[in-house]
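Next come two complexes built around chain A: one with chain B, the other with chain C.
Right after this comes the complex of A and B.
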């Protein structure tokens, strides 16, 4: 058989169809059928008609928004100071901020839990606060990395030009650096916001028993309710699609797991 | 003016330090207490290696650790093969085929892991009745999680590659396969290696996909730890502190190793560069950040 480079892509294309496309189609089918395989909108109605599940959606949004804002407020100065500083070994310091990504998250949350227990006594007293602290602790490196990459790529001449033209530090930051770092902000936000809506293990481990969107899937899974779980997955997928379209994050900067290395 | 800058530097350094403290204090405290007989942080007890002995002698724990490592390496190997071939294939395919692969490739990247895991479980276990005990759903799930990232880290290397070298190899009589092996692959090796490393770390860190697809008796570190924190068996709980410390040390060593190697390479490159008129510096950062 004649070998061609194109044919190398075939196994991967088949793989993607089998394990990415097919599961999504099955998900859509299950979401709109009942146990007897008949078409139904009941799963959709039971999500949007139930104040509890709508409350879950709202609570997820609240946690995700607060976590994202806290991460941004912490990560932006870190990335900015680091990118602007003149220290010799910047990569080493950056590594320090990124390294936690490579330590298993469940072990890191265990560590956080121990220390929070000492500080707060009873963890169950501050469920929302702990959820935000836990998520921030877990996701902060994912926000720092894309921000640093973007800010450090900004041409220093632009800042100097702004200064030469009479802008003070503040104005240079607000009108030059900040707008140019927006791609980094967008990619950082997308790294944090979605996991914060779905990573229910962080809440579980910190004794926050309130459901977020991910916990709904977990509970349907535990109850063998594939149809209900599929509907929640589909709703999450729709949210992710909207989010991706809004942020327009195409191929660039998919920093999960670190664009590092 | 000068005083002002000094204060600014101090403030900035302080801020960076505080954030680092937030990131590392829990892990470091846990590391300290893992060497004591204490069962909770804050209580002062005597030095003890009990946790480490439990960690390395309890079959339940060692099985779980080895299982996690094997799963990560195995899935990473498959994911690297698939993702690399996919990237080469997609790059040389027609535009429509290429964008089909690239788009599908993006799905697991942006998707929530809960959804990826749940959907694979539904297809393989519920619809196709493949037993979870066969490990097929678990491996399939982890490869699905990792391969897209391999694809994404190999693709830029292929794009940067000088395509005329491949043509030259063909003109000089190499078969397409030999040209691929001898010319194309060596040029994209950095991308393949970082893709592999990324795949390993993603698999090691995963909870959700394993949760929905693993055999009942098998545990990864994540699923084990999450279950263990719900139960309150103290010997296991404190042995996990030791595990956390061991993993932390391994990560530190690996990062140090990469840095030292990169530094050495930069020095060599620097020397080389100076001889040839100062080109070739600063390549390390680019390589690291790719």
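Right after this comes the complex of A and C.
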């Protein structure tokens, strides 16, 4: 039997068709049909017509934005100083930041829940804050790693050149280091923002009543409303696609910048 | 020309890095306004470190740097009226040509119109008019180089530092840029401090050359001085091709080296050990009867404008550049005009190190025991039954209060590949051919340099172990 390299792709193609393509088609079918299997746009209308679902969308968006900004503000200084420092065992220090990832997810969040309960008393008092804390805790390493990689790769001569040309430390950072670390920022942001829109498991485990897009979809399916749930999933998918395309084109721009270094 | 004022003075600067590596050692230099000074030396000689201290990227461990008479030590780079052209250009990849060049002026809050005018002027100077909006990555190496020079020059620095700026260019481009840089220097009147390991580049461009090796200044002088009157064997070997011989003064203006007695113009006392340098183009081939020394032609290589002929005279080898060819195997005479023999007193290459004294008064070095003991060194000393050692007067000798200085000549040390055989291991960090043998400098694992003479060729960077026979050592006891 002739064995070509193409045949190596077959297992993944099967996987792709069975678990990605087929569910997507089913999802699209359900989204645009009603209980009787007839084509309808009613699900779309009811999503945009319902202030509750739209509110959830904006609320998710707000949580994702705040989480991303907090992660960026926390991660940048860490990545910057780690990349700049002359300590010998950088990878070990970096590992310390990534190590929480090795502990089981549910254990981590449960521990966080206990800590927050001790501090706040009643978790229900600060749903938004707790959502941001939980997600930041969970996603921070995804922000640190790409930032660290990008900043480490910036040629030290460029900073010296800036100083040589009369820029003090602050200006050197603002005019050289920061612009050249944009590829890391973009990739960190996309790795934090997208899961922050949907990852409602974190919130569930924190006994958080906050509704984000993920929880909304979950509740539709829990109530056997396949059609409404599918439509929301489809809309979210479209939003994520748009977001990825936007940052993706930005990434290409900056990747060229990185290649020049 | 010499009454120009001093613009920058380096006073006894040294730089020791955290790992205790001494990159620069007591460096002294005065640079005059408008001068073109080149730091020349092999890689790792401290030339770039010195440049970085002038720029402000590194601070000297000791010593002072005076700019127009005022110390600039501790002043950050952005406050110094000095600009640098970096080895790999270091152009900002996220800015276009215009933004790169304007960077320095922008920091000084220059108005837009002036920036525009000045940027156009330097672009004109480096022959890249109309390149303002080009991205850095669209430029070829030579063009990036010019932009890097333009970016530094646009700030009208008092001193321009150039760190091997032509190192990344191909030979043809490099020659072109050498001339252009020299022209720019003449036109602008800015002081240039240039770093290179390329001796030809240094000779072509500089007013003054500072030859450096292992952190120390070897010689400071004009290109002519450095070439014609090298102060030591290192400079002679590094600048141009040289025949270098060990020898001795045999009388008034007479020196013996390479198996013959030559007349010379440098006067040293009879019996002085000397190093003689003869440039290959200064050796004349004649008949065996007329030659000061006689030898057999070993090889003849045609080099375009001249022949390079190697003649063996006894154990010595003489390289000659001449327009006349010779035949391999031919017996020839060689003579050298006294004016063209450069003689300097030989550097004393005696190796010295301190040995440790073990508990039973044996000498040790680097964990190896030397087959001799303290009692052999101190006249009249003896060991008592209780283990103590007393001197001739019966006073106890406390091993912790004395040190033993061991001396051994370069010719008495042998090198071996077998790392465990010798007293100490090291890496060959330098080698100079001295006519009938090679003179090696071995940097040991204890961070000491040993000089070893060996007739066989080893390579730079070879790991060797040093065999030092105890009977060739001399010992001196010193009190702490």
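Keep this in mind: the second predicted complex is superposed on the first by the 248 of 261 C-alpha atoms of A that agree within 3 Å, B and C clash if a C-alpha of one lies under 4 Å from a C-alpha of the other, contacts with A are read in each partner's own complex, and residues count from 1 in each chain.
Assume a contact is a pair of C-beta atoms (placed from the backbone, for glycine too) under 8 Å apart; a residue touches a chain by one contact, two chains touch by 3 or more.
Worth saying up front: this structure is predicted, and the values here are computed from it rather than measured.
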**Contacts of A:30 with chain B and chain C, given as first, second, both or neither** = first
**Prompt:** Does the superposition put A:46 against chain B (first), chain C (second), both, or neither?
**Reply:** neither
**Request:** Scan A:101 for contacts with chain B and chain C and give back first, second, both or neither.
**Result:** first
**Prompt:** Regarding the shared-chain residue A:158, is it in contact with chain B (first), chain C (second), both, or neither?
**Reply:** second
**Item:** Comparison of chain B and chain C by chain A residues contacted
**Value:** B
**Message:** Just to be sure I follow: which residues of chain A are touched by chain B in one complex and then by chain C in the other one?
**Reply:** 256-257, 259-261
**Residue ranges of chain A in contact with chain C within the complex** = 155, 157-158, 160-168, 171, 175-176, 179-180, 256-257, 259-261
**Complete:** Per the touch rule, the chain C residues reaching chain A in their complex are 55-57, 76-78, 82-84, 86-88, 90-94, 103-104, 107-108, 136-137, 151-152, 155
**Asked** Taking the complex as given, what residues does chain B use to touch chain A?
**Response** 12, 15-16, 19-20, 22-27, 29-30, 33, 40-42, 82-83, 85-86, 88-90, 92-94, 97-98, 100-102, 104-116, 118-123, 126-127, 140, 143-144, 147, 149, 151-152, 155, 175-177, 180, 194, 197-198, 201-202, 204-205, 207-208, 211-212, 221-222, 225-226, 229-230, 240-241, 243-244, 247-248, 251-252, 254-255, 258-259, 262, 284-285, 288-290
**Message:** Under the stated contact criterion, what part of chain A meets chain B in this complex?
**Reply:** 3-13, 15-17, 19-24, 26-27, 30, 74, 77-78, 81-82, 85, 91-93, 95-97, 99-108, 110-115, 117-118, 137, 140-141, 149, 190, 194-195, 197-201, 204-205, 214, 217-218, 221, 226, 229-230, 233, 236-237, 240, 244, 249, 251, 254, 256-261
